[in-house]
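Report on the structure given below.
Just so it is clear, A, B, C and D label the chains in written order, and each chain counts residues from 1 on its own.
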Amino acid sequence: MTVHSFTPSHYFNLLATVPPVLTIAPGDSVQTSTVDAHGLDAHRQQVTPPGNPMTGPFWVEGAEPGDTLVVRLEAIVPNRTYGWGNALLAPNVVDPEYLAELPRPAKGQRSHWEVDVAAGTATLVEPAVSGGLVLPLAPMVGCFGVAPSGGEAISTATSGSHGGNMDYRGFRADTTVYFPVFAPGALFFLGDGHALQGAGEIVGTGIEISCDIRFQVDLQKGRRIRWPRGETTTQIFTAGNARPLDQALQQATTEMTRWLQEEYGMAPLHAQTLLGQVVDYEIGNVFDPAYTIVCKLDKRWLPR
Amino acid sequence: MTVHSFTPSHYFNLLATVPPVLTIAPGDSVQTSTVDAHGLDAHRQQVTPPGNPMTGPFWVEGAEPGDTLVVRLEAIVPNRTYGWGNALLAPNVVDPEYLAELPRPAKGQRSHWEVDVAAGTATLVEPAVSGGLVLPLAPMVGCFGVAPSGGEAISTATSGSHGGNMDYRGFRADTTVYFPVFAPGALFFLGDGHALQGAGEIVGTGIEISCDIRFQVDLQKGRRIRWPRGETTTQIFTAGNARPLDQALQQATTEMTRWLQEEYGMAPLHAQTLLGQVVDYEIGNVFDPAYTIVCKLDKRWLPR
Amino acid sequence: MTVHSFTPSHYFNLLATVPPVLTIAPGDSVQTSTVDAHGLDAHRQQVTPPGNPMTGPFWVEGAEPGDTLVVRLEAIVPNRTYGWGNALLAPNVVDPEYLAELPRPAKGQRSHWEVDVAAGTATLVEPAVSGGLVLPLAPMVGCFGVAPSGGEAISTATSGSHGGNMDYRGFRADTTVYFPVFAPGALFFLGDGHALQGAGEIVGTGIEISCDIRFQVDLQKGRRIRWPRGETTTQIFTAGNARPLDQALQQATTEMTRWLQEEYGMAPLHAQTLLGQVVDYEIGNVFDPAYTIVCKLDKRWLPR
Amino acid sequence: MTVHSFTPSHYFNLLATVPPVLTIAPGDSVQTSTVDAHGLDAHRQQVTPPGNPMTGPFWVEGAEPGDTLVVRLEAIVPNRTYGWGNALLAPNVVDPEYLAELPRPAKGQRSHWEVDVAAGTATLVEPAVSGGLVLPLAPMVGCFGVAPSGGEAISTATSGSHGGNMDYRGFRADTTVYFPVFAPGALFFLGDGHALQGAGEIVGTGIEISCDIRFQVDLQKGRRIRWPRGETTTQIFTAGNARPLDQALQQATTEMTRWLQEEYGMAPLHAQTLLGQVVDYEIGNVFDPAYTIVCKLDKRWLPR
């Protein structure tokens, strides 16, 4: 096993089949860094245009369409103290009639945060709020994935079966993520770190920050999945990416049902009866062009 | 404070302004029982037609439109051993294209469960599944609420601002629920107990069972809320009831944002910045005519 | 055949099983009047509280659950010159992000219109617009239907399988409408006349006006339909009522597909292949709690 | 003005910034041909892989991001007699509960049609239906548009602000279409001809056929539009492309409202009051990954 140390020199605002920046082998780890959603690096310098610039892509040796790429998120550590976000609810997450009652400040009103990795906190600097606000860090990757199918080049503003801007706070360290491989080499991208984020990303951002990230890749030859999947020590999960939420939920539920039958060997009635009484859902984001819903199952319900 | 013991003699399949079965005062508790969704009682006898028959309504002294009814769920205990549910995923929770791949058994395929309150378990009796299935009880109320506004009579199949068939597994013992009062006396109904249920109620049922339930009511004069709200020892929450999920989420998010500003005195920017980074959501049901999404906030973020 | 002349003395804001105002026989016609959505009559006097007050209900002799009520709209004639509407787009029909760019006048900004039945025109009086605005009349019924199933009492703000506030501009004179009968006597209500209305009712109103209306009823014993259907000289149509539009379209398409197979005897492949290439849709309303989509088929494609 | 005659030698299944096949000037016309959605040409030979292969792209001299490309569809003529389609309703256009009642034939059940341009008819060859089926031709372009913004490469299966697979039957001869220009040269693509199609494309296809097409381009420097727009002799229209239908309608309505204010100089109240009473909508498609709704306004309501 090799640990690659990779310093990006350029970034991509598309998930696409583009020349890789590094070739890695299944089992390898990569220690690298990501800029924030606006292209600001560890020194708060804008080094690339905004819009979720991606580090990568990494070419995974042997990966072919029809395989599954395994990405283990080993460490996600903010590498500066400055974080920022939006301060206002996105217009699409409240009742349309309520929007007229919400304050209408200058567009782009932001929040600014002081991030202290050692203390594990993000402290709100602006806007000033009564009593202050100190939140616990829970660093995550907002946007990551592989080159899409059919040669598509998809903006990092959105997501799909290839992953992308899912903005799900469960994509944190010690989570293993599975992506369908659509292009030779898989071409893995990552970026858009958040110091933390609420469910749904309902202000349209987490606490946006540049990060040092370490991940390990692996390859599952011939395992064909349809949507991103993931695993923690206690749960397995699937992610559906679409609008409206109803469709994202349908995708995630279908992928979970397939998984239980195709890979865990559950009979259809077993899988469905089980899910009906124990399934859980999380709303990843309800802001981006495609929303994300995650379908989760405790591992204790899986066959041994 | 009085504890009323009430044995229902008839049930309602509508939430509506109908003659109350008992008058109670704010502060009173009621010990009563509910039949299951099909109208089967503790002896598994069908005592009333199916469709979420309700116990009640209870007239709360002094309740007027514009007030808030407080219902503290003190105990929800299955009062028989037989539970039942659907075995198959509802057609609307999977990809439309996937439906053709799902088994298509006789309509109404059911699961049957043996419920052991002392052990805290529900054991799957049928269909037989490899390895068996024993789930931990988590009793909840599927359908409860008050007489709707404007004299409407709403089926217990669905839900709205008056509550109703929200099928949210968070409505369990030790939860306090707030309903807007729309009719004199509030007219509180409850029923449709589940021994447990997964998020979303994606098979269209929990483990359906008759229950002994104890609840306490209180009244908040002049507190005007728009949607059901709730509270546990650690969280406050709001429930939105609509299709699609997107609208239910908008309702719940709007109600939470109002709550923080109107009752906790948070400045608009404070409330929005906070929710953006710490809010959580749960999907109550994604099966009934109106879906339910719950917006949750940890109490530690509330002003002291 | 009898023509009843009926002058309403009271109105209902619910479609419900309430005492009928008149008993009529299949084949009878009724000449009556309706107040506008705010309860203003032909003299612009408020004679009943606002919210789509209904004239009726009319008890149709012999109507039983499982039958179909036939309503032929014979004449819909505004009976005063004053019409009113909303002047602003409803918040839910534009991009959420665009709402902040729209003018935000005092709530309830209205348009006022001078309606001239003889000339067949509605002339905008207020707000003043450059060049003025004169529109051709196309009178229609916004809200009509029967008592809902299961004893429900449903607000005239919304719609369902029983009809209700569908706000579809196709419900005009010379259209025949079919409603499923859910209660003995059917209990037919009507009101909420519009001098004219755009597709979708995207400002939340048509040009609201009181009307003189003449309709004829008939009864189809044992014909069981699931949603309102209709017929003009050239087309048959079905109406789905739900949110989001996607679900209303599913309902209307399903009802049309059933109709072609069950009553016109088309083979499944025939019905589907035909609809795929010749179906048409109209958006009734995209404003009310339930949206309405109408699925239409030219009669020339029906078997002779 | 020049009329170019262009015979394609290769096709694209993506709308993207790729090398143009021909450079044309504003005012020029192009006479060319398109293959059907499966890549079959005038001789029913498969000359390129399936999935809406596009003819083009055409580089329009002088086109820059921020301009508007004008495309006048001059002639769309099927160039063979063989047309095909799907025979079955798409699973997403009927009630999920109804799917189990629909026939479930071998996947990919097709309809086959004999197209007679001289007679103006399409005759159903298979499946055989009682009485036969002869439909009037109404040739249209299912998929056309420009290179998307930001270097995206978007599958011809879907649509967006750049156009694409809108499958709207109003895109026929004598219609003028406006596209926002996102890339230098605009890069105009077209293909996916239908001999005719129902609203919504609810079987997932029209009558698919290869065509000879003639179109003329023009350029409006500095006119910035956000969504495809169009014009016939009697109407102007805008197209929104998204899921669910609700969002597509919001986009189309917003674009129309902007148009009336920004280009026709209507006051906000004028534009909104007018649209409310006279707007019309058409459902382009309710099958593709993005649905299409068209918002239409009769030209007689435009200021002179």
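As a convention for this text, a contact is a pair of C-beta atoms (placed from the backbone, for glycine too) under 8 Å apart; a residue touches a chain by one contact, two chains touch by 3 or more.
Treat the numbers as computed from the prediction; the structure is a model and nothing was measured.
Undergrad: Give the label of the chain whose average Cα location is farthest from that of subunit A.
TA: C
Undergrad: I want to compare two interfaces, B-C and B-D. Which one has more contacting C-beta pairs?
TA: Answer by contact count: B-C.
Undergrad: Suppose each chain is reduced to the average of its Cα coordinates; what separation in Å results between subunit A and subunit B?
TA: 33
Undergrad: Could you grab the centroid distance between subunit B and subunit C? Build each centroid from C-alpha atoms only and quote it in angstrom.
TA: About 34 Å, centre to centre.
Undergrad: With centres defined as the mean C-alpha position, give me the subunit B-subunit D separation in Å.
TA: 47
Undergrad: Residue numbers in subunit A touching 2 or more other chains?
TA: Those would be 92, 96, 243-244, 246.
Undergrad: Along subunit A, where are the residues that touch subunit D in the complex?
TA: Residue positions touching the partner: 13-14, 16, 51, 150-155, 242-244, 246-247.
Undergrad: Under the stated contact criterion, what part of subunit D meets subunit C in this complex?
TA: Interface residues on subunit D, with respect to subunit C: 85-89, 92-96, 98, 102-103, 109, 111, 122, 124, 127, 129-131, 133, 135, 196-203, 205-207, 243-246, 249-251, 253-254, 257-258, 266-270, 272-283, 286, 303-304.
Undergrad: Taking the complex as given, what residues does subunit A use to touch subunit C?
TA: Checking each residue of subunit A against subunit C gives 90-92, 96-97, 99-100, 104, 244.
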